[in-house]
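See below for the structure under consideration.
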Amino acid sequence: MSEILKVEGLRKAFGGVVVANGIDFSLSAGAMHCLIGPNGAGKSSFFRLLLGEHAPDAGTITFDGGDITGLRSFQRIRRGISVKFQVPGIFKALSVRQNLEVAFQDHLHGHSLDATIREMLEFTDLQGEEMTPAGILSHGQQQWLEIAMAVGVEPKLLLLDEPTAGMSPDETHKTGEMLHELNARGITILAVEHDMAFVEQIAERVTVLHFGSIFTEGTIAEIIDHPGVQEIYLGTSDV
Amino acid sequence: MTPTSSTLAPRSRARVLLARLEGPQTMGRGPAFWGTAFLAVAAAAAYPLMADAWTVGNAAYFLIWTFMAMGLGVVWGYAGALSFGQTAFFGFAGYAYGVLTLNLGAAYGLTFVALALSVAFGGLFALVIGYFMFYGRIQGVFIGIVTLSVTLVLETFMAQTAGPQWRIGEARLNGFNGMSGMPPLTLPWFGGDILLYPGPSLYYLLLGLVVVCYLGLRIMLNSRFGNVLVAIRENPHRVGMLGYDVRLYQMLAFGIGGAFAALSGALYTAWGQYITPSSMGLTSAALPIVWVAVGGRRDITATLIGTLVVLAGFQSLTIYGSQYALVVMGTLLLLTVLAAPEGLVVGAMKLLGRVFQRSKR
Amino acid sequence: MALFQSIFAMLYQFGDTFAFLVISCAGLAVIFGMMGVINLAHGEFIMCGAYVTASAARAGMPLPMAILSGALVAGIVGMIVERLVIRHFYHRPLDSIIATWGISLIATQGVLIVLGSTMQGVGTPLGSVEVGIRSYSLYRLVLMACALGLLGGLYILFYHSRFGVIARATIQKPQMALALGVDTGRVYGLTFGLGAALAGLAGGLYAPTMTMVPTMGATFIVESFVTVVVGGADIFVGAAPAAAILALIKAGLTAWYGQLFGQIGLLITVILVIRILPGGLSGWIKGTTR
């Protein structure tokens, strides 16, 4: 399979704090991949570097065959990277429909825009909430709305930062199904996640991040059995 | 967008535009709203028949300011960038109109060319300031401070242009006393130009401009561009992460707001045939904020109505002395942000809407 | 000797501008840095201090006492304003600017109505000293010393006093301070009062050099805004170095091109600085030392 994302030697430090310490990472097109690691391992910083919110001190990021290391955030999004943040990043005062319009209007017009918005309302189970201000939706619904919005930029790669944080088990499971559906449409998925049940539900392969570098990578079973990973999470290791 | 609009057959461009007269970004929809709006314009059109020329010229004066107010509504209410310096673009264009007409003269409709150029210069000036602010990532209160500083420095600059060396072609800038003696807007016509002095003809021209600008802004605000603006106001970070260049949108909105302020400025100079540096001073800069805040900044209709009401109130108070009127304006501003931050007209319109809904059931 | 004279002239010009920037922006910077509120009535607190100082001095009070009473009255007015108005806006910083602008309009025009368009001022004291062929106002040299004293005093207040510790804690972690039993409302009130008093002090110090008009506050606000914008949120690593840099630019431009270009130069500097250093000087200094 071809690589959609390739990160080489990515390094970033804030003063003395190294958040990315020479990360080499690649992701094949069509994958569903999870990124795990204890708090402070550098997961969110890695996402910020991918999104162009931080400029790396060294290293390159290649996406879909092109070097995007020097691009601004919105330019990377236009290349086909999309993101769903941990805290729902929606437009709270605007209606659900307007939220989706802003997300989809760049690629779609007129009837196809209307049709896609209806499809997305169905996809996120938000039919009937079209005119509701997004801020008064339940937490889970807000998360789903943002996932739907993230799809609007027609991404090749979707980054999700703890998509199930604060969700009930039922909601979490439904989120997993949504991600599988998006993956089936050809979107590569990379998620930061803590909930191991959810990781098992969605991920084929898992990468463990620790102190800003890749600790190990493997299938979910390999990772669970890996003694070093257990030590990291129990905090007995200072690798 | 209403469900019915999506079932229409292939929509022509004009129809799409007309459909955008209504939308989530503007209050007021349906026959009741447009009927009332039509009656209001009709009443305004009939007004000169019932009033003397001086009163009509005075009403024209009110209309002049509404452009700056609507522009500030776009920048502040919709795009979320609180600009205190709209008077900078107002004054800039006001002086530009003076300099251009004094040099070009009033024949052949050149005053209208000067008007258009002044608006373009004012808008361009706003784009430049907007570029430095938004591409410099400054936001929130700093936008207010920088814009206010710009207008105050411009005032200081113009106030010291008294010497004879401060002239552009035929036009003396005249320092603190300001420029005067430029021609009013002049329509070329068979058998002699029509000079639009404050009176019915200027009033009709302005009324037409207000209607066109208001409807045009409604369409713009309900379009894709307007969608992105309000989204930026709500959560600029997310908008960037949907692939939009937030800075560009903010800069463009600021440029549009500046062009509207410039339109007011050029028309003001044409109306009174004078412009002074104090039009860019601290007190002048405060007034647009008062109109827009009191009316309601998040809706263009409320901004328009609020501006006209506050202006009329201000003028009737000025009879007792302008300093009394300004104290009242300050109090009004303070009370509005304390008690009705949405604005008084928006509050009233929401109330009316609710009463109307209930009576319909 | 001629070289010494021109160096002294440059230093004097620089010191004079530096003092003006520091003294006029201190109150604004304290309120903005500690509370996040931009006080658009800053100029009116300055006017208040100046008017009280001039009145007290003409009533026979010694000038230093009159200046301090100007600061005191402005501070008390500030605390009343905070209690009545500002308190409602801590969660709405943008609205707080609008509210303070309303206060500014009311104050300027109210003073115009009550006290008329001008008030008799006090003359500049202390006379002048001669250096070479030029003479320099001794009072302005005193103002330069005052600016340095002010910075030192504020530093001691915020970093070496109980109030300073509590105030900084409240600003950084309001919930935590509240949980520790700090009356955060009182801290905000005192901080705003301090900012207003510093504005009043600025008015008092410059009262002998200016014409007493209700709009005199406007003379100060561009310079003080600009200093705070360039400096960023921290008065010590932000506003003070910003004042020094701006004073250098303004003094240079004023010396070569005149007063007006000094001001325009300031504004252009600001616009360039915000393009290059979005967090202001303090953001940049903190960023490089982190």
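Each chain carries a letter (A, B and C) given by its place in the written order, and its residues are counted from 1.
One rule holds in what follows: contacts are C-beta pairs under 8 Å (C-beta built on N, C-alpha and C of every residue); 3 or more make two chains touch, one makes a residue touch a chain.
Quick caveat: nothing in here was measured; it's all calculated off a predicted structure.
Taking the mean of each chain's C-alpha atoms, the chain whose centre lies closest to the overall C-alpha mean is B.
The count of contacting C-beta pairs peaks for the chain pair B-C.
Centroid distances built from C-alpha atoms place C farthest away from chain A.
Remark: chain A and chain B have CA centroids separated by 43 Å (rounded to whole angstrom). Distance between chain A and chain C, defined via averaged C-alpha coordinates, is recorded as 48 Å.
Separation between the centroids of chain B and chain C, computed from CA atoms only, is 34 Å. On chain A, the positions that touch chain B within their shared complex are 51, 72-74, 77-78, 82-83, 85, 89-95, 97-99, 101-103, 105-106, 110-111, 114, 149, 152-153. Against chain B, in their complex, chain C makes its touches with residues 32, 36, 38, 85, 88-89, 92-95, 97-99, 101-106, 108-110, 112-113, 215, 218, 221-222, 225-226, 228-229, 260, 263-264, 267, 270-272, 274-276, 278.
Listing the residues of chain B that touch chain A in their complex gives 1, 6, 11, 16, 24, 224, 227-228, 230-231, 234-235, 237-246. Considering their complex, residues 82, 84, 129, 132-133, 135-138, 140-142, 144-146, 148-150, 152-153, 156-157, 160, 281-283, 286, 289, 293, 321, 323-324, 326-327, 329-334, 337-338, 341 of chain B touch chain C.
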